[in-house]
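The next part holds the structures, each set out as structure tokens.
Each of the next two complexes has subunit A plus one more chain, namely subunit B in the first and subunit C in the second.
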Partner chain A sequence: MKPGLQLSDRLYAAGQIGRRSTSSSLYSPGIYVVTALALLAASTLVLNNLAFLDENGLLVLTRPFFLPVFVCTVLLSLYLSLHATLQLVREREQGTLKVLFFGPVDGVSYLAGRLWSQTRLFALAGGVVLLWAGALGWMTNLLVQADVLAVLGLGLLTNGAIVAFGLLVGGWGRTARTALVLFLLALLLVLAAQFGTPVIEQLASQTPANRQNSLLYLRTALNGLNGLLLWLSPFAQMSRGMDALLVGDGGRLLLHTGGLLGQMALYFAGAVWALKRGGP
Partner chain B sequence: MNFYTNHKDTKAQRTERFLCCFLCVFVSLWLFTALPAAAQAPERRQAFVWATTVFAGVQYESTFAPPDSETLYLLADASHVLAPRSTLVYDWPITNRLLADWLARNELVTGTLVLQDNRGQEERLPLTDYVIQFDGDAPAETVALYSGAEAATRYAAFDQARAAYGEALHAQFQLEQQYQATLTAAAQAATKGETLPIPDGPQPLPLFTRYSTEVKQAFVLNLPAGDYALWLERPDGIEEPTSRKRLRVFGPRRYGVGYSVMPASKWTVPEQSDDPGNAIYALPGSTFYLQPFTEFEVNELAYARMIDAQAIGIQAERYVWVHTTPYPSVTLQVIQQGQVVAGVANQPYFVRQLPGASLGYQIEAFDPTAEKSPSFYGYGIGVESGQNVRVQLVDGSGQPVAGSSRDIRSIRAVDRQFVYTLSLLPLLIGAAVLLWRWRRVKSKL
Partner chain C sequence: MIRTENLCKRYGSFVAVDNLNLHVQSGEIYGFLGPNGAGKTTTLMMILGIIRPTSGRVEVLGQPFDGSSLALRRRMGVVAEDAWQYDEMTAYEYLAFFARLYRVERPGPAMQSLLERTDLWDRRQVLVGGYSRGMRQKLNLCRALLHDPELLVLDEPVSGLDPNGIRQVRELLVEENRRGRTILLSSHILSEIEQTAHRVGIIAGGRLLAEDSVAGLRARLGEGQRIEVEFQQQPVDLRQQLEALPFVLKVEEFSPHRWLVTTAPGEDQRPSLAQFLAGQGVLVIGMRPLERSLEEAFVTLTDAAVRSSTFSEKSNFLAGGSL
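And then the complex of A and B:
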């Protein structure tokens, strides 16, 4: 903490940085394109269900908009996180941070401003997703329930944790290329563990397994990794939070909400440390 | 590189040496684990195993826990059997399973079961007699496990009933023979121009559908949910090696009423509505039939490992619904905007195959005078355009059955291109914002 920099100063600085960063993002096409892409993916999921209904005459679903909203959250938060990473690295490379840090701004307020900005952008995009879900529900008569709002709330926290992770990567990587590679590697690791395990489980159950089947070792390794990532990956926490919502388990919902907040705090603290260690 | 000189290694040399060692170990391990399996006859070895007969919600299932499995799983508040057995086990590499050769060796290992809960309190259980019985006509409703003195009593009653049935069967056989003899005599008399009276044949004896295991000895457990440890203490007071296991007794996460949902257009391919949070979406003008059954939701890993201790392809994070018995006939209420608008009864239906080569069928109400037996029973629901209703079962006293409620919604057709166009709404908003920004900047210049 800079000597003499009070909490109110930091909040003011973070608010200013966040506001400017939000305006800057809203005046560029990126967020609109990614939101549209996310909605296209989500629409495909909904239309897939409707196509099955046309074919089968009947469809049994629990929450038709949970998965589409989850997909939107994943795509939006990944974009916003990568955006935050690259913004941080670019501003450091261009010396903007050095200039900023001469004023009443330090690492905490700068990173908090970035996090605040990306959270606001997600909230705006989430509002559009909610509008889309409401419109599609009205058109098709698919049930849109109030708990979609809770899923978006979980998505907001997930986005915060992912963006904080992106800031950590940005603080860690000295150049844009390094940060990008680190970010993509981390993303691949999470995706491989989260979505690879069911695939491997499926393959292992289809083929006659024996003690020399490499899938068994891969499955064990992925299971171990998955267990670890449960507490590191915000997407895993969000997915489990949604499951708790479905079964109406308030205790587990609180646990996973707390898990998301904890991840956000952990990654943010890591980002502050990395920025301090690397210097502006 | 000279390894004999005594000067201090540089950091790069140390790193290089570490990498070489790591690579050697990795390659050795890989080669060791990648050796092909030698095809050979499985070698049997004597082992202590826990043979389990567990209540899986509907019926009893048997399996055994291999010596290297650490945890046993049991459903809470149900009676299960744990039998300490000495047998011969062997690896079956084709399925990667450990199998037991029960025919070669299957001996009860006597002793006391020591059960320790997670507070460290121990309970000691002796071996007890047990028997499992059910009626084949309604196995799920009648299955029961009897232990202790009741096991012998129940088995004696079963044995008596079986013996009585044997006698009845013998008497029936004699009656059949007498009837055949009468028929033969009547036929012979007819050839001589005489007419003898032909009596009615004996009524067929209903099948003996009761089933019972023999009285066996094992430990019978009925525990509340929780984590325990268990082991077998031999008569000499020594713990049987490899008998110590963790015991996880798990309870259902939720109970409910599930539905088998049969669309009239595909009645042989029903959909399942297990989760009480499900909504059923249907095309306007369609009809479907609901068949309710009781169910509970349990952890997939615990349930699968309880039934098969070597089960693979299961996840600890997932939950599965277990269907138990068909829900007894009650009334299905149809509720629209909070008001009960109709009551539907569980009715029999008959599926009539349409003549001709079109392979079609028609589902109609069962007419006992025209058909032998119904094809199925169910609650028939017709879906109208724009209809949003909720259905729920009510019991004999008119109370809603918990977990039986489902939303039924008629789907409206949409143009796919329009849905995709709707997804491009953010681009429209973006274009408007950017245009506004461009004009604002331009006006300031």
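And then the complex of A and C:
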């Protein structure tokens, strides 16, 4: 078997799987509902800024659309990732995955197809977010700069990494319930590390020195976890990439873009391994 | 076309398939038989590269195959025992998806022909979710044939079909075989295998007990001709007299007036038997030779396998001896 032939076979199969998956998603309401909710949340953030501006007469915010776009990315990618997880588990439970594997589809092409489909859906939703930002900027006179596109580009990679993580969870979990629990546990871990550290730090500063030991121990543990999650959580990478964009640090932006690509590759490889290990 | 060498699959201490050496020749219909839990599906899944064997080797279409070659997979058509399909698609959409996946050049005519041959054409726009099990099984067969594969692997393809459906599938398979397709057919419906297969492999306890033509299996079952005799009146000691005849091996009573006489191998003993019975004043109504069925071969072989944990009969049988 020539490697080139195998690669072209895989790419073709991935394209077909992705095409079917995208079309199936576009005919269901999920992606539309989540995009609408994401835009609602993002609009609320912009309106809060406007209310602040109205009250104080001054708002120092260089990139008013960065945070709203980030929020949209988080919500959309979480939905697309969970959707990919459940689709994979469902196909496995129903046996349709096995039927695909009887034919010219293997783990790599199947997962690549799913990843490609969710990326396309994110790109479509990202286009809507961009239109929304343009429209809102025009209505409110808030500045929409070209680097919103770069944030959406980072969002696209973040979505890829999160979806690959979802596929890893789907490959690992044998049932929809197990996969869902695993997915939520991972999410809770990220949230606990990200938001738990400042809370513990604040608590430690308010506690008498002789009773601080256990809190300090917890803070050290959470700091360590946070440091690890910086390299494991795509959202953390995206957030730091946005910081680099704000200060115009091209090197750091490149580093975090590479970080996102690395995460995507790592989770994807893990998903392929999990699917191979568990079988279709 | 398919060759397995010492194929084994173990789950912990449980041996699902044990040193299986299967050989499916090009252009034949090979019937794969075995009781529930014999290891048929595990064997098929290993051949298809879905399950990784613990040890042993699989060769498909003349090449070593572990499931990784997508090009080889495209040359096979597979129907699994369970009718797994996308319920939200219509039958036509379902076939169109697989036609694209297999890169079928002119899918329209191929889809129409297959759907017509399986009586599904009129219901092609119905969602697969609304199909009966039999219709799903026929759709699976259409999917497996759509890309004109060289090799068909079918696991219980007539499961869930009504008698008409079974006949339709049988005709389809025979026709496809005439066109040169090799078919590996696993089924528990022995009459189907008997009517379609050129050669049969019988598996039990993960081991291949026999691999031969249907006629060959029948011949190995036991020696001698079996004659069913129906009569109206007989002397009290007729059975003893019959058993005393030099060419009679065994007499069994189906009913008081219908007996089964097994005679020694060699020439047809019906004239001698008729002559003897007439001499005894027996009014013979009918006399016909009985062919041994595949079912008998299957039951005899698999029962023997269950009885003997060491499978000592197997080596005797494979060597050509009788059970």
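Convention: the second predicted complex is superposed on the first by the 259 of 280 C-alpha atoms of A that agree within 3 Å, B and C clash if a C-alpha of one lies under 4 Å from a C-alpha of the other, contacts with A are read in each partner's own complex, and residues count from 1 in each chain.
Here, a contact is a pair of C-beta atoms (placed from the backbone, for glycine too) under 8 Å apart; a residue touches a chain by one contact, two chains touch by 3 or more.
The shown structure was predicted, so the numbers you read here are calculated from the model rather than taken from an experiment.
A.B. asks: Sticking to the clash and touch definitions up top, decide whether subunit B and subunit C on subunit A clash or fit.
C.D. replies: With subunit A as the common anchor, subunit B and subunit C both fit in the superposed model.
A.B. asks: Between subunit B and subunit C, whom does A:Thr35 touch in the aligned arrangement: first, second, both, or neither?
C.D. replies: After superposition on chain A, A:Thr35 lies in contact with subunit B alone.
A.B. asks: Applying the touch criterion given at the start, work out whether A:Gly262 contacts subunit B, subunit C, both or neither, answering first, second, both or neither.
C.D. replies: Neither subunit B nor subunit C is touched by A:Gly262.
A.B. asks: Should A:Leu246 be classified as contacting the first partner (subunit B), the second (subunit C), both, or neither?
C.D. replies: Only subunit B; A:Leu246 stays clear of subunit C.
A.B. asks: Is A:Gly224 contacted by the first partner subunit B, the second partner subunit C, both or neither?
C.D. replies: neither
A.B. asks: A:Trp132 contacts which: subunit B (first), subunit C (second), both, neither?
C.D. replies: In the superposed model, A:Trp132 contacts subunit B only, not subunit C.
A.B. asks: Roughly how many degrees, to the nearest 10, is the angle at subunit A when you join its Cα centre to the Cα centres of subunit B and subunit C?
C.D. replies: That angle rounds to 160 degrees.
A.B. asks: Applying the document's definition of touch, where does A:Leu142 land relative to subunit B and subunit C: first, second, both, or neither?
C.D. replies: So A:Leu142 only meets subunit B here.
A.B. asks: In the three-chain superposition, say which chain, subunit B or subunit C, touches more residues of subunit A.
C.D. replies: It is B that touches the greater number of subunit A residues.
A.B. asks: Kindly classify A:Val46 by the partners it touches after superposition: subunit B alone (first), subunit C alone (second), both, or neither?
C.D. replies: first
A.B. asks: After the two structures are laid over each other on chain A, how near do the C-alpha atoms of subunit B and subunit C get, in Å?
C.D. replies: Nearest C-alpha pair, subunit B versus subunit C: 7 Å apart.
A.B. asks: Taking the complex as given, what residues does subunit A use to touch subunit B?
C.D. replies: Interface residues on the subunit A side: 26-27, 29, 31-33, 35-36, 39-40, 42-43, 46-47, 50, 53-54, 56-64, 125, 128, 131-132, 135-136, 139-143, 197-198, 201-202, 204-205, 208-213, 216-217, 240, 246-247.
A.B. asks: Given the complex with subunit C, which residues does subunit A contribute to the contact?
C.D. replies: My answer: residues 1, 5-6, 9-10, 12-13, 16, 20, 24, 94-96, 98-106, 109, 279-280.
A.B. asks: Contact residues on subunit B for subunit A in the complex?
C.D. replies: Per the stated touch rule, the residues are 33-37, 91, 93-96, 253-254, 261, 263-266, 271-273, 275, 277-283, 286, 288, 312-315, 317, 386, 388, 407, 409-412, 414, 416, 419-420, 422-427, 429-431, 433-434, 437.
A.B. asks: Considering only the defined contacts, which subunit C positions touch subunit A in the complex?
C.D. replies: The contact residues of subunit C facing subunit A are 48, 50-51, 67-71, 73-74, 76, 78, 80, 82, 84-86, 88, 97-98, 100-103, 143.
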